[in-house]
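Have a look at these structures, which come just after this line.
Common to both upcoming complexes is chain A, partnered first by chain B, then by chain C.
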Partner chain A sequence: MPATVASATTSSAPAPSWRRRLFGEHPSAWAFILPSTVLVLGMNLIPMGWAFLLSFKASDLVTPGHWVGMANYRALGHDPNFRSAVGHTLLYSALYVPLSVGGGLAVASMLNRRIRFVGIYRTAIFVPFIMSAAAEGVLFSFVLDPQYGVANSAMHGLGIARQGFLQDPAQALYVLVGIGLWGGLGFCVIVFLAALQDIPKELMEAAAIDGARRWVVFRKIVLPALRPVLIFLLVWQTLDALQLFDLVYATTQGGPLGATTVVVYYVYEQAFQFFHAGYGSAVAYVLALAMFAVGLLRLLGGRVQRWRRERALAPGGAR
Partner chain B sequence: MRRWLIIAALLCTAIVAAGCGGGSDNGGTSANGVVTLKFWPGQNDIPKQALDTLVARFNATHPHIHISSDSGGVLADEMLTKVTAALASGSYPDIAYIYGSDLANLARSSKVLDLTDTVNRPSFGWNEFWPAERQAATVDGKVRAIPALTDNLAVIYNPKLFDQAGLPYPKADWTWDDYRAIARKLTNAATGTFGAAWPGAGGEDTTWRLWPMLWQQGGDILAPDGKKAAFDSPQGVGALTLVNQMATVDKSIYVDPDPNSEHMQQLFVNGKLGMLIGGPWSLPDMVAAHEKYGVVQMPGYNGDHTTIAGPDNWVIFDNGGARTQAAITFVTWLTDPAQDVVWDRATQSLPLRRTTLASPAYKAYAKTIVGMDLFAKNLVNARARPTIGTYPQISHAVGEAIVGSLLGRTKPADGLKQAEQSANSALSGAPY
Partner chain C sequence: MSAVTAPAAPAPPARSARRRSLRDLLPFDPWHLVLAPLALAFALPLIWLFVSSFMSDAQINRFPPTILPDSLHVTGYDFVIGHALFPRWFLNSTLVSLVTVTSNLVLCSLAAYAFARMRFRGSNVVFGLMMATLVVPFQLTMIPTFLLMKSLGLIDSLGALMVPGLVSAFGIFLLRQFFVSLPRELEEAARIDGCSRLGVLVKVVLPLAKPALTTLAVLTFLTTWNDLTWPLIAISSDHNYTLQLGLTSFQGQHHKEWAAIMAGDVITSVPVLVAFLLAQRTFIQSLTSSAIKG
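Right after this comes the complex of A and B.
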């Protein structure tokens, strides 16, 4: 469809001036997008390109560094610490994404009713999302202190043995998932709530009149209506989980015994604590590739879906 | 598409030009002959106020130099990241506050000034600085920084808990076995009281507390040539085994999960911790909480009570002759006893120079905080960590071994063996 517009302008108008050719039909538009373009270029694209180059270098950021080709990426293949960092990130994502999206949907459905003080509940569930990860870290490090924390004394009261929580290598990552959920659930709830309130009441009423039970209404009307939001949240939360850093930094610093060293924390450790900026960049690029793949998957998924729908609607298709 | 490329290219040039433009200088001297210096002290609260006062005094008394102190928007913990980025961009400050353990890495940059000749001038008084400070400012035999702040570790104890347990207060000639025995007696699970504490997050705060135990027995972190690790020795294993036994058998050590080791400090202030290995920075909290405490030097092996100091530094960056000279003038002035006293009081740190320690102003101040004089006297017993670029990796590896021993997850000998392997691999230049 852009072809028609283009051919119309080129055929009717005389040869456009260089200025027009450079800046388009509405030159002033550039003035409007210039600030954000500069920001995106300066803050994102240029550093990204620079980091990409860095990943082929042995560099400590302090001295000029030298080219090592693929050596950083090859070394990654043999690095047991990198492998375990990837494992931690995957485990965290595998738990955090379904729990936050599923939990968010459940809580949003509960809060989408006419109940007393619903405003208070909605606020309460969203407040942790606004909290900075650093504050969250300090809060939970006190609550979960193995010796003096509130959590252990409460569990002691119930007759449950003391837990190590963030100090126990076998538990720490799961505890982090819990803290992450505490902070991240609110976002999913708010997005789901907004989507739930967009579903026309008449549809539900009609279904109810037709005798559909609540579960059927949920499955046949609510879920399909939430589909775009659901997919958005899945992608968003996955990217969020893959980028986990601040919580780890504020609570465990990758410990105990490396049990919570996730990929981004590993990048930080390599680049800014051990001065292996080139190697750190290579790790970062592997992660970037993984995130790109997630985005691509979403895009392809959308394409396939649209193609199916079009085929279904095409004459001859099932109607 | 073409259009996009052209515009993108234009913008790139603009940004790069702007980035460089900010850093260009004419030796830092403005038309009226005043040299302006960028000073990143990375402090807040009381230390910042004290520095601001000192800077104002310097600016008033030195008409040809103007110090502009803005911290670069970060505090000392983030200073290294900030300075690294600043160096990469080519627009860096004249003076920055750098942690002792970061100096060796930063000193690889040729923009970090070599101050060997400067400090060796008789008027500078390099020998007035403590051995640990001089050691921590020296990388590969060259002086690359001026000491900015110094401390050391000693044992702070709670007399009330000693009285309750019917124990005499620790004496200066005590041993690590005494330390273990006392800690066990002070520990009381029923009241939630611990005899001792150790940071359990695995950072440098976990690691550096082990080094005095190693040094006191004649062990060391690195082999004399500096190319191999040497901490996996009978001395190292002995020290770590003691810590391991205290934590897992006696259960007399509180393992602090907080990355900033603040829980153990809090515990002491709340009267639940008998002995805290800490520095002069620990004292103000206790004074503020009106909790009685005493300070005694570290326990020893065979009568050796060597401790560790972790001095931080002022690093001066090369921004051309005039600015460099002005920066040296300022930092020299700042470490002079008259200013040193003000700074020490604000940061609760120890005198940078012996001459400060002897000054009446410092003596008057030290009297106001119990134990401060002991920390100051302890400086002659203090050593510094090796100033090598791979130290952070060595520290990380040993930190894991210590945490493993504290939590009873690894045997001290196995942990140290593995740590030494990692350290040697780091020393040989491998990335992990």
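Right after this comes the complex of A and C.
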């Protein structure tokens, strides 16, 4: 058998032609990747450059538009609506990210044991993640309807006064965090659960036999093992929170009184409702840069960790 | 099993004594006391969604609320199915999702195979560029994508919903990782038997890659079916709405007709729930493994 393989490969390899030298070993590979390359690059790089140009223009999406230089970016600095949109996005992220990641870790730790119904619990918590933000938004608009909603009826039964929920400017953003958690916690749970199950059981048992407290086992064994996943989820959930839009559109549409106008909703409003496409692009670029910075943090975190490990392992290194 | 009955390690006395007594008092593991209410809290909105979709509006508005409908009402479903546009929206969503999933399976497989197994000039550059697009958020590109689709004459048509999603860089990455992990020997044997590259991909590689293909199909279906942002921007005529877009506008137009709105919500959500339940194991596995490996 090896003989035939060898002879087949040698006989099928002709002398390198100019085509081969120009296109590499498999010029036909280009036929495999061409449609994808055109679509992926065309749908990302072109719009990216276009958005960049747009952000220096005044454009209404219909007529060609004209250059305004840095005016859009300068205007951002003095726009109170932009500032409040950033504030809403930051407040949402500051609540959603730690609660979903921390809560996910807590729930996953509880589920990581051999008791009955674990499968049912896990599915119940994960299923909302599959639903669309639109379907979730419509459902919770109903459940939390101040007049007809079942939430107010139930609270009335407990002697609690009626709440405005999504229609109360003081509550709406917090209610959105709650709905976001209902829909997003399941993802953190299953990722943590998979990571927890990868930790060798012997390691934890050995620590327990040595008399380590549960908390110490968690801090010294579980947490370090979860570190990469923890960082991944922190970044992922932050990006998720910064991109909040569908849920807002399906529930409050930025209201009441602009209390839930987050950054992406502001971009949508500026570009597609007020037709300030140039200004909208400038806002989108600021958001994209913020997201990029968050992604970079993860990369840097990984680098630092690797560097530390290498230094620790290197002969004569620190330690 | 052994974890529960294992002899307790010498742990701090007060704590373990309390735990043991609680465990002795209850006929079940004490963690159920936390987990069961939590799971119920997550399930309740969905249960209420399902139940209220089978109620009459009078029953929904009754005080105090009833969890079980005293009689089954399908008026909500009747209204939605008899609605002038709702069935059309369902069809639009189905069509867009079907085209997007099929095209992703075909185009991602082709590209991923070339990146995994063929060496050609520029492959690293092109692959690197493609992976770099993964960090480009849609919010950045949505305004120009709108203009691009408009210049192609596709805006306000289902085509505008399909074209930007025909192939995904993430799908190529996912399949490439899987193809690389497959043993080369089978492919080489097929090559010796005179099979073309395309033949090897279709006859040897793809049948082995079913888990990865399933994941890609489910993931693509979920994101396409569930998307609201892009249809909202790209579509203006209500007969071209997708279900998600239709559902939100339906809620605005038929305010307070909650049974019908909930029936519409159920119809919107059932396809993704079915897709998820069918592929649950494979789907969760590859979702978590790609998260863990980064």
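The criterion applied here is as follows: the second predicted complex is superposed on the first by the 278 of 319 C-alpha atoms of A that agree within 3 Å, B and C clash if a C-alpha of one lies under 4 Å from a C-alpha of the other, contacts with A are read in each partner's own complex, and residues count from 1 in each chain.
Criterion: a contact is a pair of C-beta atoms (placed from the backbone, for glycine too) under 8 Å apart; a residue touches a chain by one contact, two chains touch by 3 or more.
Every value quoted in this text rests on a predicted model; they were computed, and no experiment measured them.
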| item | value |
| --- | --- |
| Superposed partners chain B and chain C on chain A - clash or fit | clash |
| Contacts of A:312 with chain B and chain C, given as first, second, both or neither | neither |
| Partner contacting more residues of chain A (chain B vs chain C) | C |
| Contacts of A:46 with chain B and chain C, given as first, second, both or neither | both |
| First (chain B), second (chain C), both or neither touched by A:36 | second |
| Partner chain(s) touched by A:297 [first = chain B, second = chain C, both, neither] | neither |
| Touched partner set for A:63, first chain B, second chain C, both or neither | first |
| First, second, both or neither for A:131, with chain B first and chain C second | second |
| Chain B versus chain C as contact partner of A:272, first or second or both or neither | both |
| Partner chain in contact with A:216 - chain B first, chain C second, else both or neither | neither |
| First (chain B), second (chain C), both or neither touched by A:141 | both |
| On chain A, positions contacted by chain B and by chain C | 22-24, 30, 37, 41, 46, 61, 141-142, 148, 250, 272 |
| Chain C partner contacts - residues on chain A that touch it in the complex | 4-5, 8, 22-30, 32-33, 35-37, 39-41, 43-48, 50-51, 54, 61, 107, 110-111, 113-117, 120-121, 124-128, 130-135, 137-143, 148, 150, 153-154, 156-157, 182, 185-186, 190-191, 193-195, 198, 208-209, 211, 213-214, 228-229, 232-233, 236, 239, 243, 245-246, 249-250, 264, 267-268, 271-272, 277, 280-281, 284-285, 287-288, 291-292, 295, 302 |
| Residues on chain A engaged by chain B in the complex (per definition of touch) | 21-24, 30, 37-38, 41-42, 46, 60-63, 72, 75, 79-82, 141-142, 144-148, 164-169, 250-258, 269-270, 272-276, 279 |
| Chain A-touching residues of chain B, taken from the complex the two chains share | 3, 6-8, 11-12, 14-15, 80-81, 84-85, 87-88, 105-106, 108-110, 192, 194, 200-203, 254-255, 257-259, 263, 267, 272, 389-390, 392-393, 396, 400, 403-404, 407, 409-410, 426, 431-432 |
| Touch list for chain C against partner chain A, complex | 1, 3-4, 9-12, 28-29, 31-32, 34-36, 38-40, 42-43, 45-46, 48-49, 52, 60-61, 63-65, 107-108, 110-111, 113-115, 118-123, 126, 129-130, 133, 135-148, 150, 163-164, 166-169, 172, 188, 192, 197, 222, 225-229, 232-233, 244-245, 247-248, 251, 256, 258, 261-262, 264-265, 268-269, 272-273, 276, 284-285, 287-289, 291-292, 294 |
